[in-house]
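In the two complexes that follow, subunit A is the common piece, with subunit B as its partner first and subunit C second.
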Partner chain A sequence: MDPALQLIQEVEQTLVAKAKLLVFERNDFILQAGAVEHNFYWIESGAIRAFYLTELEEHTIRLGYKGSLITSLTSFLNGTPSEYYLQAIRKTHLRPIPKTTFQNFIQEKPVRLQQYNRLLETIVVQQLEREIDLLTYSPVERLQRVLTRSPHLFQEIPAKYIASYLRMSPETLSRIQKS
Partner chain B sequence: MALEKLRMIKDLEEITKGLISRAEYFRSLTNEELNFREEAESWSILECLEHLNRYGEFYLVEIEKRMLYNTTDEGSDSFKPGWLGNYFVGLIKIKDGQVKKIKTLKDMNPLHSELNHTVIDKFIKQQKQMIRLLDRANNFDLTSIKTNISINKWIKIRLGDTFRFVIYHNQRHVMQADRVLAALEKRKGEVV
Partner chain C sequence: MDPALQLIQEVEQTLVAKAKLLVFERNDFILQAGAVEHNFYWIESGAIRAFYLTELEEHTIRLGYKGSLITSLTSFLNGTPSEYYLQAIRKTHLRPIPKTTFQNFIQEKPVRLQQYNRLLETIVVQQLEREIDLLTYSPVERLQRVLTRSPHLFQEIPAKYIASYLRMSPETLSRIQKS
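What follows is the complex of A and B.
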């Protein structure tokens, strides 16, 4: 098994099991831009989007659903005000893991540090994949790339947020899906 | 009558800075307060700002585009408003606290749309962008450069008039938001 996945599994069994439960209704904010994020979240049920707001529109940059981890990463790692908002797409149950709890957990055993290194590598690779997503000219290809990674995306996330994540209008996305 | 360009830009910049600080104050209000409306068909604070954001989406892009595609000109230090620009500004600018109501176009009317704090954040971002545009504006000929307007494809107005129109329009509706807030505070004071 991949060491990063092993770590996530162990986080789930130990930290998540002990974490408190937070409930968010549809459209509630877990984090607003400008605030500092001290947790990452295990999504027990529901769905979340991270978005960046410009003068003109909201850009969905990350999506998370049941069984995945989400946070505003730069803010979490650097302790700086978040540039992103985290918002519940529908009713969502979250288990917050505080940064300090996580750091202590990682430092407890050397093997965990190795697993954590692997996890960070995985995140870097995912970021580069995402960069290629955004540079891919064809909307059809952009959709195909994300469906290869996350085949169940459409079951979990409303199309308008997927369209924003793929940097296209909802109309374009719907046209591609039909063809 | 020609206006001194730099003076005009500074005045518009001051107004815009004032709008940002009002918006920052609105940000401290609760969702309930921000969504309060006096009557069924009147706007909440968030709806006032959302209305401005929708105009901003058009005009900020339009102004920046015109500045990109025109060369700078440091020679002119005056701005001469056009008759059409004066007409639009006269329509929306608030004089001596007197407000004449104007009907809003349907797609610019945010009444009863689902809104939250991000409306305020977006408004503040737009105003900061407006200040950046104003800072560059002195290097352009605000009289000869024309911009499109949002309501009609065939009409153009002078860039200087566009700045005046958009910023006085912003001021108009932030003042409206202030009146909503005053009404809300008055209602809170009432003993039920």
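What follows is the complex of A and C.
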């Protein structure tokens, strides 16, 4: 098994199993821009989006759903104020893992440091994929790239947020899906 | 000192000092898309760009100059064919560090694994900055964001490549700089 997946599985079985349960209603904020994020979150049910707000519009930059982890990554890693909002797309159950708890967990066994390295490498590669997404002009190709990575996206996330993540209008997304 | 910087300094003092010297002329390719990258490179002099080629145009996605490291990161980390080209912008001297050499170096001391973790976290944060760059509509703001991170960029890299990196025409970049 991939060392990164192994680490995530162990996080689930130990840290997530002991974490408290937070319940958010639709449109509730888990984090506001300007606040520091001290946790990452295991999504037990529901869906979350991370978005970045400019004068012109909201940019959805990450989507998370059942069985995955989400946080405001720069803020979590550097302890700086978040540039993003984290918001519940619908009723959502989260298990927060505090940064200090995760750091202690990583330090406990040398193998975990290696696994965490591999996890970070995986995140780096995913972010480069996202950079290419953003540079891809064709809306059809952008959709295809994302569906290759997340085939079940439309079952988990409303189309308007997927459109925002893909930098296209909901109308364009709908037209592409039908064709 | 930041653990990531400490690691880079030690890489310079040990691995780079023993590495062979490669010389590339202007426009020479260090790596072609489709090939696997087995090295990262210390730039001893000159400048490099990483670009991504679509039917429509070249997208400059990274710029590297004297005293920094560059590679095709996904290919280097995963051993997959590179989606990018690495090309010398002018005559360039590189010191290649093979992946296996770097991996042995990291495994030699436990503290290096921790430092490498911090380096990967730094790369993750830099990539998120780049993602926000790409989502920033205003060309003036895009330029300001990049100059905050790399104040000496224009001394190292010709304007046409900076324009490509910033997703604007050379004319727009020139107009912004004058105003």
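Structure notes:
The rule is simple: the second predicted complex is superposed on the first by the 179 of 179 C-alpha atoms of A that agree within 3 Å, B and C clash if a C-alpha of one lies under 4 Å from a C-alpha of the other, contacts with A are read in each partner's own complex, and residues count from 1 in each chain.
Throughout what follows, a residue touches a chain if its C-beta (ideal position, glycine included) is under 8 Å from a C-beta of that chain, and two chains touch if they have at least 3 such contacts.
Given the structure is predicted, the values throughout are model-derived calculations rather than measurements.
By the touch criterion defined above, A:Y85 reaches subunit B but does not reach subunit C.
Of the two partner chains placed by superposition, A:T100 touches none, neither subunit B nor subunit C. Taking subunit A as the reference, the larger set of touched residues comes from C, when subunit B and subunit C are compared.
Of the two partner chains, subunit C is the only one that A:L128 touches; subunit B does not reach it. Residue contacts after overlaying the shared chain place A:L56 against subunit B and subunit C alike. Once the two complexes are laid over each other on the shared chain, residue contacts for A:Y137 go to subunit C alone; subunit B is not touched.
Within the superposed three-chain model, A:Y116 lies in touch with subunit C and out of touch with subunit B [touch as defined at top]. In the superposition on chain A, contact is made by A:L77 with subunit C only, not with subunit B. Where the contact sets of subunit A with subunit B and with subunit C meet, they give residues 54, 56. Within the complex formed with subunit A, the residues of subunit C that make contact are 52, 54, 56, 59, 61, 73-74, 77-78, 83, 110, 113-114, 116-117, 120-121, 123-125, 127-132, 134-137. For subunit B in complex with subunit A, the residues that touch the partner chain are 56-57, 60-61, 114, 116-118, 121-122, 125-126, 129.
Against subunit B, in their complex, subunit A makes its touches with residues 27, 29, 32-34, 53-58, 85.
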